[in-house]
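Have a look at this one.
The letters A, B, C and D name the chains in turn, as written, and every chain counts its residues from 1.
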Amino acid sequence: MKSIISLASDNFSGIHPEVLSAIEKANRGHSMAYGDDPWTQRAQELFKHHFGPSCEAFIVFNGTGANVCGLRHVLSTWQAAFCTNTAHIWTDECGALQAVGCSLIPVPAKEGKLDLKTLQPFIEYQGNLHHIQPAAISITQSTEMGTLYSLDEMKKIAQFARKHNLLFHVDGARISNAAAALKVPLKTLSTDVGVDILSYGGTKNGLMGADAILFLRPGLSKNFQYVWKQHSQLASKMRFLSAQLVALLEGDLWLKNASHSNAMAKLLEEKLRREVPQTKILFPVEANSVFVQMPATVLKKMQEKTFFWIWSEETSTARFMTTWDTNPELIQQFVSDLKKSF
Amino acid sequence: MKSIISLASDNFSGIHPEVLSAIEKANRGHSMAYGDDPWTQRAQELFKHHFGPSCEAFIVFNGTGANVCGLRHVLSTWQAAFCTNTAHIWTDECGALQAVGCSLIPVPAKEGKLDLKTLQPFIEYQGNLHHIQPAAISITQSTEMGTLYSLDEMKKIAQFARKHNLLFHVDGARISNAAAALKVPLKTLSTDVGVDILSYGGTKNGLMGADAILFLRPGLSKNFQYVWKQHSQLASKMRFLSAQLVALLEGDLWLKNASHSNAMAKLLEEKLRREVPQTKILFPVEANSVFVQMPATVLKKMQEKTFFWIWSEETSTARFMTTWDTNPELIQQFVSDLKKSF
Amino acid sequence: MKSIISLASDNFSGIHPEVLSAIEKANRGHSMAYGDDPWTQRAQELFKHHFGPSCEAFIVFNGTGANVCGLRHVLSTWQAAFCTNTAHIWTDECGALQAVGCSLIPVPAKEGKLDLKTLQPFIEYQGNLHHIQPAAISITQSTEMGTLYSLDEMKKIAQFARKHNLLFHVDGARISNAAAALKVPLKTLSTDVGVDILSYGGTKNGLMGADAILFLRPGLSKNFQYVWKQHSQLASKMRFLSAQLVALLEGDLWLKNASHSNAMAKLLEEKLRREVPQTKILFPVEANSVFVQMPATVLKKMQEKTFFWIWSEETSTARFMTTWDTNPELIQQFVSDLKKSF
Amino acid sequence: MKSIISLASDNFSGIHPEVLSAIEKANRGHSMAYGDDPWTQRAQELFKHHFGPSCEAFIVFNGTGANVCGLRHVLSTWQAAFCTNTAHIWTDECGALQAVGCSLIPVPAKEGKLDLKTLQPFIEYQGNLHHIQPAAISITQSTEMGTLYSLDEMKKIAQFARKHNLLFHVDGARISNAAAALKVPLKTLSTDVGVDILSYGGTKNGLMGADAILFLRPGLSKNFQYVWKQHSQLASKMRFLSAQLVALLEGDLWLKNASHSNAMAKLLEEKLRREVPQTKILFPVEANSVFVQMPATVLKKMQEKTFFWIWSEETSTARFMTTWDTNPELIQQFVSDLKKSF
């Protein structure tokens, strides 16, 4: 692959220039290791600013680390978290949670989203020692299918969770895309709707590599520092992770990056609908992914031109993903190439 | 703490300018995620260059991650690794190995080093189902006490390991300091003396954050990729970790940094012996740490001037650690302040 | 509950007189602990007799212990076993497997049975480090729904397993009921059709408490003794567990008990079909369970007379289970009471 | 080995006739499974009678199961329990605790007993996220060396535990021997001195196989039922385990068995001191073990006559263990044979 912009994944993108510059500025002399430094303190303040004063933030290397540490901290080995069968924690983390004794109960997803009705049979297990005990709901916002939970849908999940004594966890690898799309502050679609724990994704939104575990309900983070350290997610030179997050959260870079990324997905969708009606768009395009069904022969031709992931050989579907550095010309070129491939 | 150079830890130091520059250069357009990129390929080649053609390298975020993944991969839950009771994996990783079902058998250290005689009683457990089964020896080179295993000592450990069907693991968070001090290539004190698995430390030697797990014996790395992913140590934008390692290993930066660091520790030792004979140096100064005993009142006065770690309140001992950016003037200033504190 | 015979579960039944007598006879003086005794040796011989000479048997306290140890031994933390979503290991062991780092992939059951087509999407995960790696298929024979896999169905599962490098595990808590119903020796529906590991159930078939893990393929049991001990399933006074299994397996007691149990379920089914046609029998009655749908008011009236488990409040279904000591008069009485309850 | 009484282990002994008779009496018709039966209820009452009204008892198959479940329930993965380096949980359970993510910190034993001074350095780790967090002390009473903690020693451990926020766990595989030797009720050397959790041993004291986990401090057992089930220690036909414990605890059988066992060890010690002064008795004989040093040639001759365990080849030491069914004639015969072997 040449060093070009692709439509494969937000993980393929580089570091936003302002973020790189922040790393450079943090590289002055010595500082305390393991997070006892001014950059980390500032990042924690900024998380409180964006998610509310009860937010306790712990900075980690990556999203899998955030999900594993956050859920491991709150689940006993005899408890389980619900998730959809398309959730990243169920399908894309190589059993990271199960490896540390955390159980998941996968339920069928609808356009990547959790349907509360599917949880009911397992709720009846509560209190019966033969059954793993449901103790959390984990959703992904925006979802792995590029769809969104509305604020109202999130509130309903939170209510269900409270009613049944479940914690509400959000895999927010793309939470900024969700906030940008819903046009609400980060607090509105997290703390305010009743989310307890959130894996905050910075890496996919223009950072080199920095995410965070946010405990949004007071008291939940008690003793978490040990879990953080124990799961190898405590960076020694943490200032360089924190500086990235500060660059993202201090102004509106987080929002600009996510909005741009969303807009590019919308552009791709519109162009496909208008210019290549032979393709079928599988899910509502609400964040920065577009799932497109097209003939296998066309997929093959396009793969010779650019790199992207086949989502399903069986249904001949590709996933296209836009990012902070996708430009409209790329989209135009891609659609124009695609048209010619039919 | 002001942004000055301290003698607290090699984790307090920043990023070497050449390494930072390498990160910047890697920030061009898109590249494959999860290590399928040219920087990672180059880093893997360089590890083969330095450790021999059988070396299989997996790049990780940090040293605890390297130790946990490496040992987890080769130990069944009913097996254990020997280590000293001063080993980082026993005392400083918050039970990271035990949390994933890996047992350790700590034995008393001699100046930070393992004494093979202490292992004998446990060797007799082999084959008896009531006892955890010794299956690996883990040492740290250079040790947590700043001492070194000679090549001959390493060979004896390797022989013992082979004889008793144990794997030989090295926590090489400061392996470069060891190689620099022993004046041998990296391969000579690892692959050539019979080390099987090595946690390679880059972070403490001038990187922003990148280490690696090296499997030095053919076949050992089979299926390791799943352990790597599962323990949240697979970086999505891996090129930025790999680029750091390439900068370190492509020329002799790794050696220059480590040699300088060692030289500064030697300088500190010499000045203390000559100028502050009231202090007592506890272990041979062979790498980049100096453990110094002095009256509690002196320790207290010095702590008002600069930050460093008290190693033991009980014995009134401080640990001083030099790094790639320690300069002789700092050492001079420190010793001169210390003299006045008596 | 009075000390009567119920239709609730085979776990409710007592000890067959011949088994109790065997315990008494084994209670002579001292014997080696932890299985180094003649009763255990004899039990192991009998397992070889019934399951073939390659069978290696390890005696355990209970079925959950058998399932956990057997699968834990063969699965790495990054591997998973397929099972149905009605499997005991998925729904009734409180996450015992997940707690020790074993992942399960539940797929929808058809009358309690696994449908190979449901596994296909996960098979495509093999070799991709982002996904948990399918490495075993676990079925229950006879199933939790009282249904049976035919020999042909088992062979197809074994073929699929071999093709995709999966081990074939059978939860045989009621394997004797299956053998009795299919009218084949135990070896025919296990070793001969390609089963690799089998949890052998004695407890539900007239014992006080003794089950076994059977490794049917040579080499699979290597080092298993450590897993056995480590998971607290190695009995110190093992002779008293082994003596029970010897009583069951030496003659045809295992077959007599299972056949009787099956016959009583058949009798219940026939009487219900003939005498209480208002009830609906949900699954083919092939072993010793009968799932019966009836109005909630009737269920309630019957529960006042005798104890049994409601399988599903939602569908108003009860599970009736016969056992080695169920007698025809009890069935007659039950059906006659039921008729009057409408 | 012939079916004779040996001096090898209390695990070699059989079932006391009153206990076997209790199993037979419990074998009447059906009863609820998984502990919802009158025998289990009665056993739980008897545990309250002997250990105080706050005692919550959970019946398990064996002592390793009791230790693992009890400690697993109260320790997070980042916490550790102190134990001696001769503790059963450290040396004889094949890493059972570590396998489920429980860390142990072994400290040197003095005649099998814990020395509080050895814990101090680890107490200083409390609150520091780099270190595993000490959260429990586990002792064995009577110890693996056949020695006893006095009531005063236990109180001091409890005080230390309270002061440092540690739970106090006792491996009481031979707690009855301790109570008999100290001539106090069970409550006096457990609940009254501040023990929080106790693994109660029945198997070594005349049962076929039944032990229990006792939570002695109110609130500690909350949610324990899930851990119990999950670790495969919940017996389906529990009445047959409970009936054994009822037989032991209803009258004074537990005390008679333990007292007899202790008396036989005392007898052996006295005879050895008087009649075979060439032997050396290694530890105070306070419960039912006698550790005896003698020339290797003598050990060898004696092993031809009877079975016993060599404790240490290196020091030429044998462990002799008496039990509820050891008779004075056996001791006499043994000592007389021994005399002739010199």
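Definition applied: a residue touches a chain if its C-beta (ideal position, glycine included) is under 8 Å from a C-beta of that chain, and two chains touch if they have at least 3 such contacts.
Model, not experiment: these values are computed from the prediction.
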item	value
Contact-richer chain pair [B-C vs C-D]	C-D
Same-interface partner of B-D, chosen from the options A-B, A-C or A-D, over half of the pairs matching	A-C
Chain B and chain C: spacing of chain centres that average the CA atoms, whole Å	51
Centre-of-Cα separation between chain D and chain C, whole angstrom	33
Junction residues of chain A, two or more chains touched	34, 77-79, 93-95, 99-101, 129-130, 133, 226, 229-230, 234
Interfacial residue positions of chain C with respect to chain A in the complex	77-80, 91-95, 98-103, 106, 121, 124, 129-133, 313-314
Chain D residues within the chain C interface of the complex	1-6, 8-9, 11-15, 20, 23-24, 26-34, 61-65, 68, 93-96, 99-100, 203-204, 208-209, 226, 229-237, 240-241, 307, 325
Complex interface listing, chain B residues touching chain C	34, 72, 76-79, 100-101, 129-130, 133, 223, 225-230, 234
